[in-house]
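Per-chain numbering from 1; labels A, B, C and D assigned in written order.
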Amino acid sequence: MQLNHHQSPSREGGDDRHRAGPLGVAVIGAGYWGPNLARNAASHPSTCLAYVCDVDLDRAQRVASTYAGAAATADFRQVLDDPFVEAVAIATPPSTHARLAIAALRAGKHVLVEKPLADSIEDAEAMIATAELHDRVLMCDHTYCYTPAVQYLRSIVHAGDLGDLQFVDSVRINLGLVQRDVDVVWDLAPHDLSILDAVLPPGTGVRSLSATGADPVGAGQSCVAYLSMELDGGAIAHVHVNWLSPTKVRRMTIGGSRRTVVWDDLDPVQRVSVFDRGVDVTHDDGPDAVTNRKIAYRVGDMVAPALREREGLAGVFDELVASIREHRQPLTDGRAGLRVLRMLQAARASIDSGGQAQPIDDNVSLVSA
Amino acid sequence: MQLNHHQSPSREGGDDRHRAGPLGVAVIGAGYWGPNLARNAASHPSTCLAYVCDVDLDRAQRVASTYAGAAATADFRQVLDDPFVEAVAIATPPSTHARLAIAALRAGKHVLVEKPLADSIEDAEAMIATAELHDRVLMCDHTYCYTPAVQYLRSIVHAGDLGDLQFVDSVRINLGLVQRDVDVVWDLAPHDLSILDAVLPPGTGVRSLSATGADPVGAGQSCVAYLSMELDGGAIAHVHVNWLSPTKVRRMTIGGSRRTVVWDDLDPVQRVSVFDRGVDVTHDDGPDAVTNRKIAYRVGDMVAPALREREGLAGVFDELVASIREHRQPLTDGRAGLRVLRMLQAARASIDSGGQAQPIDDNVSLVSA
Amino acid sequence: MQLNHHQSPSREGGDDRHRAGPLGVAVIGAGYWGPNLARNAASHPSTCLAYVCDVDLDRAQRVASTYAGAAATADFRQVLDDPFVEAVAIATPPSTHARLAIAALRAGKHVLVEKPLADSIEDAEAMIATAELHDRVLMCDHTYCYTPAVQYLRSIVHAGDLGDLQFVDSVRINLGLVQRDVDVVWDLAPHDLSILDAVLPPGTGVRSLSATGADPVGAGQSCVAYLSMELDGGAIAHVHVNWLSPTKVRRMTIGGSRRTVVWDDLDPVQRVSVFDRGVDVTHDDGPDAVTNRKIAYRVGDMVAPALREREGLAGVFDELVASIREHRQPLTDGRAGLRVLRMLQAARASIDSGGQAQPIDDNVSLVSA
Amino acid sequence: MQLNHHQSPSREGGDDRHRAGPLGVAVIGAGYWGPNLARNAASHPSTCLAYVCDVDLDRAQRVASTYAGAAATADFRQVLDDPFVEAVAIATPPSTHARLAIAALRAGKHVLVEKPLADSIEDAEAMIATAELHDRVLMCDHTYCYTPAVQYLRSIVHAGDLGDLQFVDSVRINLGLVQRDVDVVWDLAPHDLSILDAVLPPGTGVRSLSATGADPVGAGQSCVAYLSMELDGGAIAHVHVNWLSPTKVRRMTIGGSRRTVVWDDLDPVQRVSVFDRGVDVTHDDGPDAVTNRKIAYRVGDMVAPALREREGLAGVFDELVASIREHRQPLTDGRAGLRVLRMLQAARASIDSGGQAQPIDDNVSLVSA
């Protein structure tokens, strides 16, 4: 991994040139999410949208035509050959992520990839290794991690304000679009898992994951699923995703020994509530630890911090630009994308095995493609 | 099982005699729950409180003294020998349930037992067998099942108004009393599991259960747990119980192909909401079922039925009296108590095994004690 | 008033010509609200945006340039002279409404005017008289009246589903923009009053209005105000508008003898709730009506109807087109605008007089300008 | 007024005697509210219940029999003659308050009177004058003022935490008991008005009050009413009371220049919310104050303080005992009761006069009865 350590001489000139102006971005894929990337690349003060690239040229043109200076193309090679393009943002089907990202990294581009990072561990590891070899930024678009609410959650967890982590409970349910190619876990849980990955205290990883799912409508894949994770230190994390709920809930609770925070993403008035409440168990050093433990409850005030309203994607582009300019890893780098991918695959394996806990490996095999 | 089928001649006289007046009840155990049983036995129009029995006579006297005509005793034998006592309501520690209930059944008393029915499958089966042998009612005090809200849930599920069952999701979390002798599953989940048992459509049983739990505060047992159940027909049921949550939630959602109902027990204004919404997947009979399935969404009105406010225990005594008078099984009979007990034990086994699904047996070994 | 009664022969040809294609609309005023009118005129299936006209030509051009076929102009005369323009939508300062609308009506254009209709009763009456003289549609843009929620309220009140009207209570409070030129009544209450005007049962008018207001921040005009209206039939309507509230509320309750409906515009999940609850007082025909009256309470179900989500302005253009095509008065015609204006002026007079009730005249002096 | 200033020698002995034990209380009136007074007098650590007195002796006996040591009587004279009785708590119909209270005060008893203090200004003034002449405590049972929530509101207003008072808005609506003898203002508004009286900053009085009401059900008196009050300093207070609302709301907002507090009495989880939000208007000392004013908005955090749950009546008895023991005026003394009474009478006069503002006198004519 070279980012954060040194900078190759050949890029110095280019970086200097670009530092004077906005960072040129090409968006690859003009389907569902690509237009959002294009809009943000065009409107962000530090980037400009150079290309919209799609195998369907009409679709690329419809998106590009809205933005002055943006070209439409169906030729990915053209994008890679243009020295003005410093970064490509990939929003194509997951099975194509590795091929496109690796080509872009080899061409010296920084890469932002839509979640999930790839559709196999091997591909994800190859992407990470390639980024490191070519000293480029590889960032995964975990959009929620850049909302003001999640940034706030991360800051209070990392500052230790919650005390020791006790549990994380995340619910993301809605009358959702039952899909043919992807189950509810791969559709919705990447949000919860990437947020979990971003907010957990440093050094706290996911040890194992067990999951159950059901397809009660005969959709061909799970429409309701529950993921349960054992964390380092004894805490538990749980994710409930559901396409069949008539009520919409998007709520995450992070419980700690000192405080507990509830994030209700559907409450614009009080999105985040920090409760000064908790349960403490203290132990005497007496001969019988069990009979001498004491349980204390605290019920204090609740504070709902004022948070600005800002689209997560704007923060994604902030971090993309900053990590490139500062030559460092972004918050949601390739390794974060890989960790989320491993949890998704563990969920699939656990559902298939009747709920058996799957260990979560945290090594990365650095064999570049 | 003789209830519902015939009635022994020797009881006819007794039943006739009692039908003329209120049913004499003795409450065994004057600790936490016993006083509630005593209050309801005394105030119910069809019962009268004859005894409060506790090994601590002072405690029995404090409870009995409030009610005219109620005697206090520390002598369980005295209760069993009194012919006026037709039913005993047992609210002693679970380990004593089997011994006391079996003695009462043998003495010809009907028995209402606090949940859980017993602390072992063997004891529960012996209680059921004894009740059948002596043709007495054995009822488990699953209080919530007799609230107007759960009665309503049961009625619309059984009437088929929800269509095919898709999922049940129950959350029961609070800053709760961390206990020494019982984990959060045994403390809280009996409520969810007994409600589930009462509302599931006839013929829909629990096939298997997997669970995960955590003790992040060092309490010595699980303080947070998640139970996931595979139901007959492919639906899933899930229970989340938590002693560490600063916010209190008691919400159950029952999703069906036609309607979905949400019960929020903490919302006195709108406890039950029935949503005319859902997802339907239909299949053509074409050569490729998968590509020919069609997914339809419905978003219709929501109805919040007017429900009266009434204590669950009053309904428990309604059912106790009715099942005795009508010589039939109560809604929450010994078998219902046994089913809940099996789920609790499966949860414990699954947590110990890392989330592995445990099959739920639905046979009862009828060996009376 | 000629609309709805006859159609002048000279317009027949014109109507036929226009029925073949979209209705040409010119938007006058490109400030705060004009761009919304332009967007809807351009996107509505039955209209097309012909001009954006503003004394500030740059501003007109910025708005017009977004829409193919829309011309920008600073010359109001040019708009009036263009036979393709059938309707003008006026979103200029209120003091200019009468002059512009009357000129347009005289030029044979139909007119949609931003609320308030005018800034004096005399001007409003002149506008109405001119529209009638020239047999053109004069419509006031009471946007909220065309939202699905208000359309639903109107339909159930007019269908008699609520029974006899008892009270209307409307709250519209927020941390709002304290303005220099207009008080909170003229800023916010037109919404409540126009909705009230649209939903009241036929034949139920406002008899009198009393109001109180306060300027506790020294803004120079009322920042908090309360309006109370006596309705025909003995019911009461009340409006609370407030710029200083840290919490945002937009809720209207319409109480009737049979049902009561609550519209909470900030609850996207349950915007409208119809309660089958109420109080009935019945009177015997005995000698002493007071002592023989009986009060009955009903507590029945609540129904939250499924409503589609649609911008009110789209409905405004639906009604503008339909009233022109069908040669009839629109729902929110000039007279509706005049009624709202009279209530606003009565509120001002009542606040100035210390809360004294002001009678609301419902005659219109038909002296055309 | 002698309380707080000196103590008559003749009482010294008596006070010393009583300070050694609990304060003897007689409850007069055993109807709707009397039993609550009796329960609190019996359970409060510093009082004991000596008598329950009612013209209906059976009713007095039913209440008294629950409490050891409490005698039932129909003879008010007996109560007054008993030297053990230091205070009488009067919960009889309002028309009898003055006669009973004055007799008790003359007999040397301290007096707690149910709201409203009396049914005429003259009676109330006579009660106050008598209490002062006899140097006894006269306290009005404004129960809500002693809840933890209102105590908190009072403390933050008096501490200046809200900045300058801008507005008070109180809503108390429900499907309520339509009564024969009292309108919705006299039934419900005493709560709002007494709370207002207790929480307003020192020196801030009610200058005038205007009100409107309606009787849309033909009940014979107002069932819906709105009260609007002009406060010293330019702020406004408003009260909405309604017997016909199918939804229950009990919410008071107190807006200030620095913070605004919302009290929602029906939200047990977050009864009080303090918003660090507001609107400030500052003025330059320039030649044109209007054009130089600046409006600033603040949107800061919200804090929901942890409040204990405690019945208001327990606090009433705290204050009764403390004001007697400390020989001082209670928070809700006779003058507070008189101020509330004057507002109620002003509301009646304003409704009768079509909303005309009524001045609120704040002098007390000290002519003792």
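Everything below uses one rule, namely that a residue touches a chain if its C-beta (ideal position, glycine included) is under 8 Å from a C-beta of that chain, and two chains touch if they have at least 3 such contacts.
Note that this is a predicted model, so its numbers are computed, not measured.
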Recurring contact interface, reference C-D, options A-B, B-C or A-C [over half identical by residue number]: A-B
Chain pair with more C-beta contacts, A-D versus B-D: A-D
Distance from chain D to chain A - Cα centre to Cα centre, in angstrom: 56
Cα-centroid distance, chain A relative to chain B, in whole angstrom: 42
Centre-of-Cα separation between chain D and chain B, whole angstrom: 46
Of all residues in chain A, the ones touching two or more other chains: 247, 299
Residues of chain C defined as touching chain D within the complex: 164-167, 169, 175, 178, 180, 208, 210, 212-220, 223-224, 226, 228, 230, 233-236, 238, 240, 242-247, 253, 255, 257, 260, 262, 275, 277-281, 283, 290, 293, 295, 297, 299, 350, 354-357
Partner chain B, residues of chain D touching it in the complex: 247-248, 269
Touch list for chain D against partner chain A, complex: 270, 276, 299-306
